[in-house]
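Below you'll find the structures, each written out as structure tokens.
What follows is a pair of complexes built around chain A, which joins chain B in one and chain C in the other.
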Partner chain A sequence: MALERLEFEFVGEPENGGGDWEYLHIGHVMSGDLEILAERLPAEADVTRIHVTTGAVGFGSVWQMVIDEFMTTHEVYGCEIWINDDGATPAVVKLRLWQLVKEMSAK
Partner chain B sequence: MVSMAAGRTDWTRRRNEFEKRLCEGRQFVGEPGSKIVDPLDCVPLLEAVIRSGDRVALEGNNQKQADFLADCLCNIDAERVNNLHMVQSVIALPSHCEIFERGIAGIADFSYSSPQSARVAKMVSEGKMRIGEIHTYLELFGRYFVDLTPDVALITAISADRDGNLYTGPNTEDTPTIVEAAKFRQGIVVAQVEKIVDKLPRVDIPGEWVDFLVPVGRPCYTEPLFTRDPALITDVHVLMAMMVIKGIYAEYGVKSLNHGIGFGTCAIELLLPTFAESLGLKGKICSHWTVNPHPSLIPAIECGFIESIHSFGSEVGMEEYMANRPDVFFIGPDGTMRSNRAMCQVAGHYAVDAFVGSTLQMDRYGNSSTAVAGRIAGFGGAPNMGCDPPGRRHSSPSWLRAGKESAMTQDLIGPVPRGRKLVIQMVETFGAGRVPSFVHRLDAWTLMEEAGFKVPPIMMYGDAITHLVTEEGIAHLLRCDSLEQREAAIKAVAGYTDLGREADPKETLELRRQGIVQTPQDLGIDIGDANTSHLAARSIRELVEWSGGLYRPPDRFREW
Partner chain C sequence: MDDRWNRMQDLPFSRLNARERAVAICNPGSFIELLGPRNRLTSPHLPPMGQTPQFDDGIVVGLGKTGKTPVVVVSQESRFVGGGVGEVHGTKMVMAVRLALRGQEILESRGRSPEEGGQVVLLISFDTGGVRLQEANAGLLAHSEVMDSFQAARGKVPIIGVIGGTVGCFGGMGFVASSVDVLIMSDVGRLGLTGPGVIEEVVGTEEFDAANRALVWRTTGGRHRFITRDADFIVEDTMKAFREKVSEVVSWPLEKISSKRIIGTEDMVLEQMRLVELAADDKIQDSWDLWRQFGNEDIECLWDSDVSEFTAHARRWPRGRIGECD
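And then the complex of A and B:
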């Protein structure tokens, strides 16, 4: 299966979604869903890199919009985030990202 | 004295024709005076009582099927009997198509054909089947009593006594309507039954309305159409269901309702004992239902959320559970449930506060359709459930509130108070395979061109929809004062589809300020907390546990 890799990078004030966390895991790689792995960078880090690996090729512009909206809303800088996608809809992507933020602040 | 032109003097043609056919059919009964025909003689029986060009109602319901009679009808001599006009609710079985493939029938008037949608489209394109019209159930039933009255009804029941009285039990569905139309216009009624018994649990169809009985020794085929495995509900369904409960049911005080089938509505049903209960909504919403006995309703019934349920049909495995909850379901003197599609359709059309359904495609005007090119699937009952009945005159708090909010009504009738039924569509912005649900042009237009329909097969017209719910939020379309504003509200919740990307962020903000569009955040719903742990049951097995073992799911839903 052809995989597409997409890279996104955002710079801003370190926030890390609050809470005390190092690693987080949300969701599952299964048809129509995805998993998100997040690692907290050192406190002074002001960059968030999001690495998307997806089996659904050709949806780069939609990913861009969903991730832009996520970062604009939540401003989680200072993270390394990997997304492994198996054909999730934008609705699922968005929901999983919101769940990630909730986990960040819950820890 | 006015001189009268010589008019019609012969008033019993239909009765005479009936007597003739009855006489010919009776050569196949086991003994004189009996109505019982050996299954092996069923094909010649049908050849004796059906004439070329007859209108035939072959009982094909949403769930139960007169499958034995359908097989027999396929095997009659097409040289002798042909050009039949099938008038049946559902084209569901391969045999329903075979009747056309073999040249026995030529034209079909029906409501729903989803199980055979690709084959129906193919037969139409090959000229093997002509479609009269595609109806809603109530329209077809209506025409049974006007211009599509069946000459012959081929029906199915659980059991019969020797006089022909029938017990149709929980899956009574369309039988009373079909028999009433056929018999009172001197039609022939043939019933397949599992067995002949001395005493029936109850009489659903009087024996004198039934001419021939064929005991086939096995139950008829019945499809468990309304069972959804809670394990397949996603977090997105939960999010949308929370929005419907908090943003619409609680807001309008929706007491009576119909749910279409789907995982979104299933999620609502399973959130009633948990999320809705936590909002203090028990007794305030969702007490009276016109709906098939969805197994996913069990937890809400057990919690005392639901007071009554009337059903179009039954659901395989729910029989024992319903029999043990006679305060909730419509139960006969014998102790078993009786459904009735026509009655429940009337109830769901006229007597409920709200309908919730889902769709495959919606355009910028809110018109929605499940039509797909290359498939002719029909409508079923959804358009009658999913519309505001202009004939409604009784009020309820939800109806009055929705009417008051309907910004465009006064443009048509002036400043006169009038209520409105809530018609809610739950639509994920993208379907399976990331196919967008919001489109510039519905596939219904393509299907219209392919199949030669006069109008595109729209399931629900935009003006019927009061609320659109996507994962992005609720669009309160009834609050819009123009078509332009409705378009903007639809785009505001259409997410990252092409249509959604046309939304003007400033306008969306203004719509949110006016309460026309509400996001989950506007409703106080935490998106990050929307997940399936809130469901009262997360598997079929848990539904069985909720029912105290009374619900007995079909094997295909058992994984333990």
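And then the complex of A and C:
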């Protein structure tokens, strides 16, 4: 019944480009969807922490794969990302993360 | 920023989310959100029940401007637990009403005239099924506090309600929406107390078939609410149509806006009871019977006509006190 909380941490060179954003918010907590809140850490920070809260318990390894792939592809270091998930499938999670990266560079 | 604002004006109001509606109903670039997602003020009650919380608890509140008028905006998000009112959601709404009242007191003490932006307006976009069942006590309390502050705002801060979301406005929030000064709805918008699904569940499909969309909309939809004068205006389902109607109402003198209120005094309650009596009459089996009672003839044609034609031709409940200021 309780929610599951998952924490991921990645260390790497923070990108210098990536648009002028301080924080971003996308998505909704509704069945099969999720919301993402991203905050930019101070410029020198080389770490990205991703906090996932989900009602679908027991999918930690799937999250690990999706988020590993996301960080390998997009290398968004230097931010703090919170995800509130209501049973989104990996495909939806990837779409939302892709939307996040798009908004990061659009700003 | 203004590009996005412009784009949103042509989109259906029903498709926008609560934050987009709040931004797009104000002047471009004027909306400032209070207690937004970044504050992460979430429901403490949902996680123990296995429901993921949302950072804004399904409601957007903030300040903006319509023309020169300062507005306090409240916008409910139906995508999150059906727009249900919980403790945080409700408190944000209550505090927004109080903020509007307090802001008005301050502007008045500085002697600002309405023309100089000295009249605060409260604007609420309803998109909710009412109380959030997981935290019903707190939700109910919020409902009564909101209605209490509406009474306190009477004749001081005009309250404009809009209903045009996909859920509409049901449950306790149906009462709240009925207590505003001016209510604007679209064809998509629905207003009621007990939702169609609940009626069907309790008294059976023969009484009310919630799967019958035509029946649901002609009973709770904007057109019927316009005819029975629960809604003051019906507009097209575009962001622009809602914004233009809101700007128009905002420009009215306070007395005119206040005169549109339909409950809050004994006389008004008696007036409402007349409508209830009429609806309880055996001859009224369907909302369209009521339309006929008010002198509407070609009902199907009226139902299919576009909004401007409907507004021009619909014959509404001849409520005594409203006739003169229509």
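A few notes on this one:
Definition applied: the second predicted complex is superposed on the first by the 104 of 107 C-alpha atoms of A that agree within 3 Å, B and C clash if a C-alpha of one lies under 4 Å from a C-alpha of the other, contacts with A are read in each partner's own complex, and residues count from 1 in each chain.
Following the convention adopted for this analysis, contacts are C-beta pairs under 8 Å (C-beta built on N, C-alpha and C of every residue); 3 or more make two chains touch, one makes a residue touch a chain.
Note that the structure is a prediction, hence the values are computed from the model and not measured.
In the superposed pair of complexes, A:54 makes contact with chain C only, with no contact to chain B. Of the two partner chains, chain C is the only one that A:3 touches; chain B does not reach it. Of the two partner chains placed by the overlay, only chain C lies in contact with A:29; chain B stays clear of it.
Note: residues 33 of chain A belong to the chain B contact set and to the chain C contact set alike, using the contact criterion stated above.
By the touch criterion given at the top, residues 32-33, 56, 59, 62, 65-66, 87, 89-92, 94-96, 98-103 of chain A touch chain B in their complex. Interface of chain A with chain C (complex): residues 1-3, 23, 25, 28-30, 33, 35, 37, 39, 53-55, 82, 84-86.
Touching chain A in their complex are the following residues of chain C: 17, 36-38, 40, 47-55, 77, 79-80. Interface residues of chain B facing chain A in the complex, by the touch rule stated above, are 234-236, 239, 428-434, 470-472, 495-496, 501, 526-531.
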